[in-house]
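Got some structures for you, see below.
You will see subunit A twice below: alongside subunit B first, and alongside subunit C after that.
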Partner chain A sequence: MDDDLIIGGEKFSSRLIMGTGGAPSLEVLDQALVASGTELTTVAMRRLDPASRGSVLDVLRARGIKVLPNTAGCFTAGEAVLTARLAREALETNWVKLEVISDERTLLPDPIETFDAAERLVADGFVVLPYIGDDPALARRLEQAGCAAVMPLGAPIGSGLGIRNPHNIELIVEAAGVPVILDAGIGTASDAALAMELGCDAVLLATAVTRAQRPDLMAEAMRAAVRAGRAARLAGRIPRRRYAEASSPTHP
Partner chain B sequence: MHHPAVSAISHEVMAAPASSYDVLLVGGGLVGLATAWRAARRGLRVAVVDPAPASAAAASHAAAGMLAPISEVTYTEEPLLRLGLASLERWPAFAAELAADSGHDLDYRTDGTLEVAFGSDDLAALDELAGFMEKLGLPVERLTGRECRRLEPMLAPAVRGGLLAPGDAWVDPRRVTRALLAALERRGVTMVPARAAGLERSGEAVVGVRLAPAGEAPGGGTPSGTTGGGTPSGTPSGDASDGISPGGTTDGGSPGEAPSGRVLFAERVILAAGAWSGAARWLPPEVLPPVRPVKGQIMRLRSPEPVLRHCVRGMVHGSYVYLVPRGDGELVLGATQEELGFDTRVTAGGLWELLRDARELVPGVTELEVADVVAGLRPGTPDNLPLIGPTVLPGLSLATGHHRGGVLLTPITTALLMNEAGDDEGLAALCSPLRFQEQR
Partner chain C sequence: MNVIINGSAHELPSGATVAQAVLKLTEAGSGIAVALNDEVVSRGAWDSTTLSEADRVEVLTAVQGG
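Here is the complex of A and B:
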C-alpha cells in the first residue's frame, strides 16, 4: 500500500517518529531504533556537541535516519530560536521540532512563547514542527502561521498516561491541512494505535520505548501499533451500535 | 600534590638510551596506575607513560567513588551488574592491600547506599526498581519514609520511602590515586612523563611505544600546568582534538611515519587513556576503541561534622542525584551526564541542577561551604561496558571505556588483565575489545 507520510514536501514510509531521551546506552537505543523502523528521529540539542564523534547523532547517521533537532529545555521564544539556528548550522537541516516549555514539573508547552518562536522561525526559512497542548485553536493558528505540521500532546512528556483528551485530538485532525503528529504521553502500544485511529498522521514517542524493560521489543510493538492504527483509520471503523447485529444474516 | 620522588625516577629513565619492560601502561589515571601496581606486585617490570599521572584531568578526580552496582542497576544492564558485583567483591582485599602497600588511608566505607524517593511518581518508580532487584536476587531492604529518616535524620521530611542496599560501598578516588602513586614508587615502577605518539611494531605484534619528542607535544610538553581537563581552556572549540592531551596520548602522527621520539619496548602494552582512548589517532584504526567522552560535573561541599552516614541517592521528579559523605566532613554531590565532546567547563546550569535536587533530598546542604566544583570526562562506550583485554594486535591490550564505573570496576579490570579473574562468569568475554571488531 502506497501510503507515505509527507512533511514539508519530504516523504516517509514510516509513521513512527522516535525520540532518543532516556535510553540506557547507545547500543540499546540503536537496537530500538532499528526495531521501530523509524525514518525520522528527534534529538535534543542542549547537552549535545554535534561535532564530537560517537554520539547519538552517529547512531542515527549510521542507520540513515533523518535527524530532527529539537529545542527541549527552552523556556522562552528567544532561547528556542537561538537553539534552532545553532542546530541548523551544526546539522545542516532547516527542520526543527519546536518545544518551549512553561515549567519543569509538567513540561507542558507554553502556547504564547511557542507561537512567537514559530512565527520567527517560519520567517527565517525553517520547517517548523511545534509541540503544543491539545488545543484545536492554537493548532489552527500555527498552521496559518506556516508550520509544516502540528504536534499536540496526548499527555505530559514521559508520563505514559496515553491520550487524555481524544476528542480534542479529533478536532485538531478534522481542521488540519498539515500533518498532525501525536507527541508525548504514549505509554504502550494501544495508545499509539488509538492516535492513528483518531486520524493522526504520525506518532512521536521516546520514553515508552527507552525506559521499557525491553526497549527493542516495545519498539517493535509500537511499529506494529502505528501500522495497525493507520490501517484501521483508512479502512473506516463501523458505527457503534447499542444492540447486537448478527454478523451472518439469515438471508443475503 | 608533590611527587618529588616520581620526577627523580623519571629523570633517570629519560636519560637512559633504551628501556624494556614486561608491562607498559599508556595512561596514568586510576585504571592505568592500578594495573601498573598489580603488575608490579607480581614482580613484573612496569612503566607508566603519562605526561601528568593522576592529574586533575583524570576522570577519577571528578568521581564520587560510589561502589554501588546494586543501587545503580537498570533495565538492560544485567551484564554490567554482574561485572560490578564481581568487582565490588574484590574491593575489600584491593583496598587493604593498597593501604598496606602505600601506607595511605583510602576512606573506604561499606555502610551501603540508601536510595530514596519523593512524591508518588518517584515512589512508584522506586517500587518498580525494587521489584526488578528482587527478581535479580539482589539484597535490598524496603524502607518507609520514617525508617529512611531514622537512618539519615538530615533527609527532608518529604521522603516517601526508600531502599537500602547494604552491600554497596564507596571510597575517595583522589585518595586512591595518591595511594597508588605512593605504592608505585615503593614498588619501583617507572613513571615516564611523556606522551605516546605511536606503536612500535614487529610484523603484526606490538613490541613497544614510541614517545613524542619532548617539546613537540601538544600543549608545549608541560601539561601539569593545565587544569580542568581536556583542553587547556576547557572550551569545546572545533579544534578540541588538537588539545587532546591527558592520558598519555597525542593525536600527532600515524604509525609508520618518521619515528622521531624515543621508543620504550615492552612485552605487553596496555592502553588506559580513559576518555581520550577513542581519540588516540596514533593507534591503527582496527584497534582504536569506540570510546567517547561523557561529561560529568560534581560539587564538593564541606561541613565540620559529617552530614550523612550512608551514601544517599535519590530520584527527584524523575532525575537522579547522589550525595556521598567522606570521613572528613566533605560531601560530594553528583553528577551531570552531558555529551559535549571534550568540553570540561563547569556551568551554572549544571551546578544549579545538582543543588536543586540535592536540596530537595537534604535541605541542609545549602548551609555548607563549597570546597570544589569540577567537571570530568568519563570514557563512554556504545554498550556501557568497558573494553578490557587483548586486541587483534598481539602485544596490545585495552583497559578503557569504564564510563560511570571506573572506580568500582578497577579491581576486576586489573584482575582480568592479569588473568587473575578466573572465568567463572564469562566476564572476560563480556569486556573483550574484540566484541566491536565485526562492526568495523
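Here is the complex of A and C:
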C-alpha cells in the first residue's frame, strides 16, 4: 500500500521518527535505528568536545537517514532561534524540531516562547516542527503561523507514561491540515499503536527504545506498532457498544 | 589577546580570525557551526571575521539527543 508521510513537501515511507538520545553507545544506536526502519532522526546541538570520538552524524550518514536537528535545552525563543540557525549552518538543513522548555523538572514546552520562535523561524525560511503540549488551540495557531507539522506530547519527555489525554490528541488531529506527530511520552509499543489509531500521522520516540533492555528489539516492536496502528486507523474501527452484538447467528 | 572559546579562555594573536579560533578545538571541516557573541558566522566568513579581546566564540556540533 502506498501511504507516504509527507512533511514540508518531502516524502517518507516510514511513519516512525526516531530520536538519538539515551543510547549507551553509537553501535547500539545504529542497530536500533536500522531495526526501527526510520528515515528521519533527531539530533541535538552542543559545544564541540575535542575529546569525543565518533559522531552521531556519521551513523546517520552511513544509513542514509535524514537529520532533524532539535533545539533541546533552550528556554527562550531567542536561544532556540540561534540554535536553529547554528544547526542549519552545521548540518545544511533548514528543518528544525523546535523545542523550548519551561523548566528542567517537567521539560514541558513553553507555549509562548515556542510560538514566538516558530514565527521567527518560519519568516527565516525554516521548515518548523514544533514540540507542544496536547493543546488543540495552540496546534491550530502554529499551523496558521506556517509550521510544517505539529508535535504534541503524549506525556512528559522520557516519562514513558503513554498518551495521557487521547481526547485532546484526537481534537488536534481533527483540526490539523499539517501532519500531527505524537512526540514524547511513549513507553511501549501499544502507546505508539494508540497514537496512530487516534489519527496521528507519525510518532517520534527515543527513550522508549534507547533505554529499553534490548533497544534493537524494542525498535522493531515500535516499527510494527506504528504500522499496525496506521492500518487500523485507515481500516476504520468498529464503534464501541455497551452490550454484546452476536457475531454468530442467534437462531439455530 | 584573550577570547572565550566554548566557555574557556584561550590566548590568540591580535587580529586572529574565527577560523583560527575553531582550529583551537578541531580540524573538522564539516558538521560544525560557529556563533560569535550570539550571532552565527557562516563558514564562508570564518577567514575574514577577526576577533576582539574578550569575544565569545561558540563552536557547536550535533550530538545524540531528542
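In this text, the second predicted complex is superposed on the first by the 241 of 252 C-alpha atoms of A that agree within 3 Å, B and C clash if a C-alpha of one lies under 4 Å from a C-alpha of the other, contacts with A are read in each partner's own complex, and residues count from 1 in each chain.
As a convention for this text, a contact is a pair of C-beta atoms (placed from the backbone, for glycine too) under 8 Å apart; a residue touches a chain by one contact, two chains touch by 3 or more.
These figures come from a predicted structure and were not determined experimentally.
*Asks:* What is the contact status of A:V56 with respect to subunit B (first) and subunit C (second): first, second, both, or neither?
*Replies:* both
*Asks:* Considering only touches as defined above, state whether A:E99 meets subunit B (first), subunit C (second), both or neither.
*Replies:* second
*Asks:* In this superposition, which partner touches a larger number of subunit A residues, subunit B or subunit C?
*Replies:* With both complexes superposed on chain A, more residues of subunit A are touched by C.
*Asks:* Give one of first, second, both or neither to describe whether A:R47 is in contact with subunit B, with subunit C, with both, or with none.
*Replies:* both
*Asks:* If we overlay the two complexes on their shared chain A, which of subunit B and subunit C does A:G158 touch? Say first, second, both or neither.
*Replies:* first
*Asks:* For A:K66 in the superposed arrangement: first (subunit B), second (subunit C), both or neither?
*Replies:* A:K66 sits against neither subunit B nor subunit C.
*Asks:* Figure out whether A:Q213 sits in contact with subunit B (first) or subunit C (second), or with both, or with neither.
*Replies:* After superposing on A, A:Q213 lies in contact with subunit B but is clear of subunit C.
*Asks:* Where on subunit A do the contacts with subunit B and the contacts with subunit C coincide?
*Replies:* After superposing on chain A, subunit A residues 47-48, 55-56 contact both subunit B and subunit C.
*Asks:* Where on subunit A is subunit C touching in the complex?
*Replies:* Residues 19-23, 29, 42-48, 50, 55-57, 67-70, 72, 82, 85-91, 97, 99, 206 of subunit A touch subunit C in their complex.
*Asks:* Under the definition above, what is the set of subunit A residues touching subunit B in their complex?
*Replies:* 24-28, 30, 47-49, 51-56, 104-105, 158, 211-215
*Asks:* Quick check on the complex: what are the subunit B residues that touch subunit A?
*Replies:* 74-77, 132, 236, 238, 240, 278, 290-293, 317-318, 338-343, 380, 382-384
*Asks:* Which stretch or stretches of subunit C touch subunit A in the complex?
*Replies:* Per the touch definition, subunit C meets subunit A at residues 6-7, 25-26, 31-35, 38, 40, 42-43, 58-66.
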